[in-house]
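Heads up: the structure comes next, in structure tokens.
By letter and in written order, the chains are A, B and C; residue numbering begins at 1 in each of them.
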Amino acid sequence: MAIDQKDMAVTPGDRSGGDAASLLVASSGRRTDRLFRSVALVAGLLVLAILGLIAASTTHEAWPAFRSEGLSFVTSSTWIPAEGKFGALAFIYGTVLSSLLALVLAVPVSLGIALYANEAAPSRIRRPIIYVMDLLAAIPSVVYGLWGFIVLAPFLGPHVYAPINDAVGGWPVIGWFLNGSSGRSFMTAGIILAIMITPIITSLSREVIATVPRAQREAAYGMGATRWEMIRLAVLPWGRGGIVGAIMLGLGRAMGETIAVALVIGSQAGQITTHLFEAGDSMAAVIVNQFGEASGTHRAALVGLGVVLFLVTIIVNVSARSVVARFDRRAQGF
Amino acid sequence: MRSSRKPLALLIAILAIFGVVAAACGGSKSDSDAKPDTSYDYASLSGTLNGSGATFPKAFYEESIAGFAGVAKGVTVNYNGVGSGQGKKDLAAGTSDWAGTDSLVADADKATFKGPFLYFPTVAAPITVSYNLSGVKTLNLSAATLAKIFSGSVTSWDDPAIAADNAGTTLPSTKITVAVRSDGSGTTSNFSKFLAAAAPDAFTLTAGDTVAWPSAQSAKGNAGVAAIVKSTNGSIGYVDLSDAVASGLTFASIGNKDGKFVQPTLEGASAALAGATINADLTYSALNASGADAYPITAGTYIIVYSSITSPTQASAIRGWINYVLTEGQTIAPDVDFAPLPTSLRDKAIAQIAQIQG
Amino acid sequence: MGADLDDLFVRAEDGELLLRGTTGRSRRIRNRLASIWMVGSVVVAVIPLALVIGYVLVKGIGQLTPDWFTKDLPAVTRRAGGGMGPAIVGTLLITGVAAAMSVPLGVLGAIYLHEYGGRGRLARLIRFMADVMTGVPSIVMGLFVYTIWTIAHGLSAFGGALALSCLMLPIIIRTTEEMLRLVPDELRQASYALGNRKWRTVVTVVLPAAFGGITSGVMLAVARAAGETAPLVFTIGAARNLNLSIFNGPTTALSVQIFGNAQTPFEAAQARAWGAALTLVAIVFILTILARVVSAGVARRHNA
């Protein structure tokens, strides 16, 4: 729209140029060209500006909490707003644990779908699979949260977690993890997150797998390999870097997810436990649950959680993108 | 439904007012300060009254707002249930016109307000101890047992302490899930103050708007806690009666000062209010009240407004709104499971409306 | 089972056929297990999709009366009645304003990256950071806008739109750049040959050629933004009545209503949450499907 108007505004000037004025017109055209380029550049630089502003403004807002807590903001797990204690370690733990659970659940499924869609499925099935993934990705996270809160969590607690806990909760090693019976728990958060990141990991992995050169596949088949052997020998080694990148992007998405996790993780502060079926809390969930009522240092501490979350997801994303970028270069160079 | 109930409610209100006026006249022959409801000119009021605060009386205020909108067409009243703590802050900051709160303004915070303010008690209600334990339909809890559960020293439903309160009931070994408020709340304040008063030895935490519960799932608002209790087997939480009834929760009977186990009911709340001492600023505490029928966790709730308001129109609207809450609103209260004020306290509150200047 | 499973696979240049009856038994079993894993994965992914959509449809459909779209939210949360009008309008208004801000900027940014920056150092940095920016959690965007806008200017639809546009910007930049890449260089050269300046070439030749693809990308970005909740919670507030003003006063949105109503134990409120979920999912699906249709049309034109 904006571009159209600009175009129209300049057009008459362009047309009016006779021979005598051609030099002038040419230079005004060049000026417009430079102007256009600058405007486009500014729009591109906006990305860098916004990222910088996010870091600066949130850190500034969170400063009172960082100053009063110091390092214990990330090393203490005592979060008692009423007493002015803000240790976020348990929330960091909850974010990491629920996201890792999501990866454990989502990666095998995502890779299975990606390999099936790209390597094994007949074309009449391939298209519906892609649609299903599109729809999974399109459902807003709050809708997954609603379903998780009202349907999934109340079902899982008594009907899945409790029986498992009764059966193996006392065993060594396994019992350390499969313990507890809270419907809203780390595990439920992991399951909901897994559903949400599966389409992301699948579609990125598919892009990677699609770049495997046909010659490699044919070579494997030519040597008498089964389909699985071909996948293992030709597809997976080739795509490893890209798939790792895809998984890391999924991890980044899971760590930042807020609403769905806030609804199903159980909102229990201070929980650092290996018991997957117990309630806990994550950074993003704490922010959204407590922000409305918070003020002063409490509010600053919540913004501080946002800063930590921002840093962590930036690190994960930068590493993921670097892995993918390296892979891309190799793919294009081939 | 609604249209048929309203005239009835109005009739009751009118009769109640006549009763009050008659009683006042008959008793002392002096003029009553209470303005008769029938003559109150709601229609001429105008403006927008933004309120925020406690979620405990939210259902009552929402119903009153809906009723008030019917008689005062020029006034829009809003109420945002953000917790007592935030409600008081909003009023102090001037971002709201009235605050709903279950707890009083701390002396230290009074300086943050822009001027002198007034407390108007509106309704009272029992805070239920709601639980969800399959197979257990009735449950008795003494104050000491309750304090142990919420302090984290009793963690399983078959604990001897609970069994001692419930002779003859078979209790499962289910783990107790404690559900509490994540936001600063007058409900938390009243509940924890009751535990501190009634079971000082067993309650090891510090009472207040927010309490550092050792091991508990938390949620926003009374409704949020009710949602956890409703969906979690083995859970227990404190929820106001109105939200608990509307969510179909089961309540424990709580041991009162006289050693009786009492279910949370409006009658139990009224019995508790009857014995409470009213302070000069109309504040009171009905917690752990004595009386055989008194429900011990009964909390009052207040509207706070500034006593001096710059705009006369706005002041009239506020006076009208509070008058409505204290007259017709009182007849709506039982519909949403709130106990109306005792007549004596209500009359004092209505008389105080005249102190709102502007 | 075996025959059924085979139906789900292409009969590839697969060595398995050669192995039949020979010594590769364990290899065949391993291949079979892999097949089961792959098909099983699809089944596992379809189950939650079917459950979520099923619940949303069944529980939400009863809410969608004419009142739902026109009436204000009810004053009493626990009671049935009222409608979702202000939230539907709020969602459309906020996402609309967000798109109006982010689409022109995003397209311009993409033009810089592809038409001017190319493989230069700055363009590579911007491209990389745009990718990274797509990974910034939406709640961080919410906090960001809260600190730079809401603290000073209060709750409003604009704050929410600002947060959503920050989320949309990098997506639009990257998808638009991909679309610009698909425009054949011959078109640009032809335009230059006619004496057109670069900016004219971009505006009158390249953008129209990529228009369908850009539209499709924008719709996907809008669909994703329309479902966002976290950035709105701190920035738009909570209103019960319709608020058409962009800068003044709190408003509400479907996602925020779902989040709020879900967390209550009341039948009527939860029913409203399901109804709002159905409305939101419908809006998002329509945008997604439209985007697919548009991009399919583009693909056809390219092939033709």
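The definition used in the following text is that a contact is a pair of C-beta atoms (placed from the backbone, for glycine too) under 8 Å apart; a residue touches a chain by one contact, two chains touch by 3 or more.
The structure presented is a predicted model; accordingly, all values stated were derived computationally and were not measured.
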Review point. So which chains count as neighbours of both subunit A and subunit C?
Key: B
Review point. A-B versus B-C: which has more C-beta pairs touching?
Key: A-B
Check your understanding: Roughly how far is subunit A from subunit C, going centre to centre by Cα mean, in whole Å?
Key -> 14
Point to revise | Whole-Å gap between the CA centroids of subunit A and subunit B | key: 43
Study note, to complete from the structure: Among all residues of subunit C, those touching at least two other chains are 263
Exercise for review: Give the residues of subunit B that touch two or more other chains, as numbers and ranges in rising order.
Suggested key: 219-220, 227
Point to revise | Shared interface positions of subunit A, touching two or more other chains | key: 149-150, 292
Check your understanding: Which residues, counting only subunit A, touch subunit C once they are in their complex?
Key -> 1-4, 6-7, 29-30, 32-33, 35-37, 39-48, 50-51, 53-54, 57-58, 60-61, 108-113, 115-116, 120-122, 125, 129, 132-136, 138-147, 149-151, 195, 198, 202, 218, 221, 223-231, 249, 252-253, 255-259, 263, 284, 287-288, 291-292, 302-303, 306, 309-310, 313-314, 316-318, 320-321, 325
Revision key, fill the gap. Contacts from subunit C onto subunit B in the complex sit at residues 75-78, 238, 240-241, 263-266, 269
Revision key, fill the gap. Residue set of subunit C touching subunit A in the complex reads 8-10, 12-16, 18-19, 24, 27-28, 30-31, 33-35, 37-42, 44-46, 48-49, 51-53, 55-56, 104-109, 111-113, 115-117, 123, 125-126, 128-133, 135-141, 143-144, 146-148, 166, 169-170, 173, 197-200, 202-204, 207, 223-224, 226-230, 233-234, 255, 258-259, 262-263, 270, 273-274, 277, 280-281, 284-285, 288, 292
**Study point:** Of all residues in subunit B, those that touch subunit C in their complex
**Key:** 58-59, 62-63, 65-66, 69, 76, 78, 80, 219-221, 223-224, 226-227, 229-230, 243, 246-249
Check your understanding: Touching subunit B in the complex: which residues of subunit A?
Key -> 80-83, 149-150, 153-154, 157-158, 181-184, 266-269, 279, 289-290, 292-293, 295
